[in-house]
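Think of it as A, B, C and D in the order they're written, each chain with its own count starting at 1.
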């Protein structure tokens, strides 16, 4: 070892230690998604996590919802390839809700009016679960791991007790299955963060003016009942009401495409103007100051199979409530410019940036 | 006949004819109310009708809701005495909802959270149905007529087929009973106008943030199902969503009390700042230009006895709907100054003005 | 007064007093029926009452159910003409259930399986409510009185407080309307006796093996909820379970037709072998010893609009129950020969026998 | 090899081949049970399988129901030790139903009447899930395998596609979880055989006279909905209606204890007179001729959370039905002596007999 090297050794060690410390501060998260692709709000929320140096994504668990599991898995794998994050495991999950079904939803519509979006069940875009339509972004070379979503969730929570955020951007089937398979799941998690539910929004719902019939929750109401009644340490909800205050506009796209990376090229090609449903739930987890109004509410879901099946039910925290209701923090307003700024910053980082040390 | 008389005869005849013509143009209305008194939104809406020269009030039918029928009847009779309109019949109606009950509502609250208002069932102000607490405005000298509300409604609609507006400011029990007793009721009416229901308002409901649980409709959900599924020629709805855009403020009260009549003295003494729930439904009937935003919606109510019992259900008119759904015109915004102006004008007219010829 | 007359006076007075005493002992009954005709279980139960010297039938109130009100009214009038009892008022009542409807029942069947009988709504025999198909027994010359069933029930109960049995052989719509119009109805009645509901019978229901879906109660479930939750002094129920233990056989018909009266000729021509649903409820009221097994149960109905809509719900009297449940005496077995004997005896009495003094 | 040995070789080979052939004919079964112990209907049905030479028990999967999973597991392990069948894997499963809960059941009882049995939730015998009360039959030395019930079911069905009978004697939570985790489960199984549901029995239910509220199905209604709506090749149901036609009497016990084995001693000490709920479902699978009356019915469960939550719903096979209903073979009567004979025979076989070649 020459003198120069010698002088550097302690500095290198110091850096390593620091890096380790910083790396240790990365938030561990399991990202549960009904990952429509390419480049939907689902995929983009995954990419925000993948790009963030502040997050350690333990895995992405796929659940049926916007699309079927096989195609969602393929789109997720491909997006991670483009983002240079093939190190993140992709895990297949539940292919259908617990109780709700395409057949039941059609009988419901015949009585209570048609729904304008039903995810994988939407008639005008329907194909069987095992068919993967041609992928315009290219088929993935990588593969999902050989484990099921509920098992993956259980394994990770036991491996890192108290450290893992369970983040959900789709129907809650995988998480409900994990809870019923292992009742320790909620207590082992650090917290639950989710996009879902709706309160008093006249847009954003799947039956037009009715924001309280929100897709993620409607698709598997019984799963919501299980998950929202479980003893989590903390629940944070991004509902329709805040989603509709955002818009992934052409201006934001323009800012992203100023930087040229495989990821920005992918977004330029496939991303479309839309409410930023799931992206808010990522951003607010990474930087809670993005949220400017939130309320503590008891929140759950109607599982009577009548006209209100799948609608959010709720009341405020001062109401006397039986024990099975759990309070949640529900986001109602945000600092939109700050949010857009974070979105642009993450999407324009060099791909693989998420692998690096935490900020 | 002396010469002077002779000269007057044609003039008198002319006036009679004119008066008849004008009188014939008065809108005939049955006012169905859960008439809390003194001087609530219920009573004030009655007084607007009583004061309006453009309306012929065939009768006021009383229904349990905000209070019990005996006290509501007494407050209504007294208000009409003060307004000099003892010519308007007051008619007692249903003393309880069809199916809903105080007992059921308490079992419901034990599961789904307490309600902040339950009308006559509210525990902190509860008294038995047949007790009339002391009336600060004085007890009435007049009496209700010896007929029941549903019979009165049926009789009037047959007497004036196609001419009568059924206007409802309370639970719909009386009207539902009338329909089930005589299926011709809806077709015989000119239209149904009502205050009730809620859509996407975060205030104004009886479970705080949930405007979709509106008192009038919640109190007797099965009656709403009956009434809203019946073949009316036209339905107009004033929901919570528009009510909460108004306020009976001290400034408005001050304008009223500038004029001194028995009625303005009554209002000065008993009226309190509040949303103007029912007054909008009167004003918009008298002058539809007060409404600046309205939508054609299919509207009904959830009668499953679960967490959404008594909540408004709805979808927009472009949705394919089974035949039992009826489209209604739902008011969402108003020209508030114009509305306040009408309210002040009617309340400051000389009492008995409503008896005179129509404008 | 001559000596002979003098001798007869006391005897005449005695007879008068006796007759009065006997007449006073006649049970007053309002017979509420969905009176399918000619000669169904509905009509036969009416005729049993009409023929019985022990009953004073205050009136027969008609309700939609097995058929529509206009045709049921016509068949009832005609049957009373044949039985020489045109002194009994026939009163038209509710033309449809409170909430249930043909449309809702069809949506239900599409989800939960077809029903084998739906009364007036049965597709294979359907005609509009105001059509009266040709009457094989001849059209009546008499007319229904000009009053509605609920008003008639209310008027009679106030006229004879505590004396009147309300006997119901059809859907409970009329009685529910009467209760909601005048809450004193249940307390003013002597008792409620009804044919309806089902418990554990594998025959007799309207969905084949499911006796718990009994027609009368299914047709208007919300009316049952109202009636069965009201404060009657006593409720006696003849359910499907006991009805299916009887049969109006050819042998019984043969016994009846041995006697020749207008009534036996009518029965010979139109009566058909069948369970004796409603006849038991009459017989057991006239002679309770016909019943050999009965239980005290809490009985009500499911009004959730799901798969169990309209099914009987119940539990035994030792179960701790909330106040809205009312105990009822439910008949489960009978002395069938004694019952048939009473049926034959009443039907073979001279017509107009019911007008005479009580036994 | 000496001449004698040589002569025996072919015979031995032949026997081996025959034994293999016979062994191959053993029915493969997964036994899913809420295994209350010691010596309940749950345990006895397990022991019938364990003793039968005609069955290859792949494993016993435990589900919460009559008791909690830890104590049920311990009782099952101990019973298998006593029967000399520690070769059969015992697998822990779901510790609670999907949606139903002790709290919800208590709110239900407050409205609809107390239930006389609620398994692990029964108040008078309640203890926390992780407590195992002292075991009078002795604690087991063996252990459950390190796999969860749903995974075990999935693994076995893939290992022996088309060969395995899924036999369920408790709530259907484990099987529902397996189906939702792997949608191939129903199609991979040979058949589903279960004890559960009730039709028109006035005894045997958990609310006394109401046999349609059967414990296994009531405990997890949503699991029943999932399992009974899945595409099994064949479903056979042993309902309450047939169970109550049997009785494990002292006479039968006496026949068993005539033979002295560790198993008969265990039964003598712990078995109690009872309906033979689950034993019938085993016997009828081993010898279908035991059943003398069975019907093809569409069978499912009410999952509205009202008064009929958890009750069996059904209609006969000739009824037009939507696709989500599945026909099942439902047993209604049996050759009881033949059944008792089989029970006695199996229980008095030498322990470990089940390991031997099939008959």
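Here is the rule we go by: contacts are C-beta pairs under 8 Å (C-beta built on N, C-alpha and C of every residue); 3 or more make two chains touch, one makes a residue touch a chain.
Note that the structure is a prediction, hence the values are computed from the model and not measured.
Asker: Along touching chains only, what is the step distance from subunit B to subunit D?
Answerer: The distance in steps between these two chains is 1.
Asker: Can you check whether subunit B and subunit C touch via the same residue numbers (shared by over half) or via different ones?
Answerer: The interface of subunit B with subunit C is built from mostly shared positions.
Asker: Using the average of all C-alpha atoms in each chain as its centre, how far is it in Å between subunit B and subunit C?
Answerer: 40
Asker: List the centre-to-centre spacing of subunit C and subunit D in whole Å, with centres computed as mean CA coordinates.
Answerer: Their C-alpha centroids are separated by 48 Å.
Asker: State, to the nearest whole Å, the distance from the C-alpha centre of subunit A to the C-alpha centre of subunit C.
Answerer: 62
Asker: Using the touch rule from the top of the page, what residues of subunit B touch 2 or more other chains?
Answerer: 107, 110-111, 304-306, 322
Asker: Could you draw the chains as nodes, link the ones that touch, and say if you get a line, ring, star, complete or other?
Answerer: complete
Asker: For subunit A, which residues count as touching subunit D in their complex?
Answerer: 94-96, 98-99, 101, 103-104, 107, 148, 150-151, 173, 176-177, 180-183, 222, 225-226, 229, 303-306, 322-324
Asker: Sort out for me which residues of subunit C touch subunit D in the complex.
Answerer: Within the complex, subunit C touches subunit D at residues 110-114, 199-202, 207-212, 295, 297-298, 300, 302-304, 306-308, 311, 313-316, 319-322, 325.
Asker: Hey, which residues of subunit D end up touching subunit B in the complex?
Answerer: Residues 107, 110-111, 304-306 of subunit D touch subunit B in their complex.
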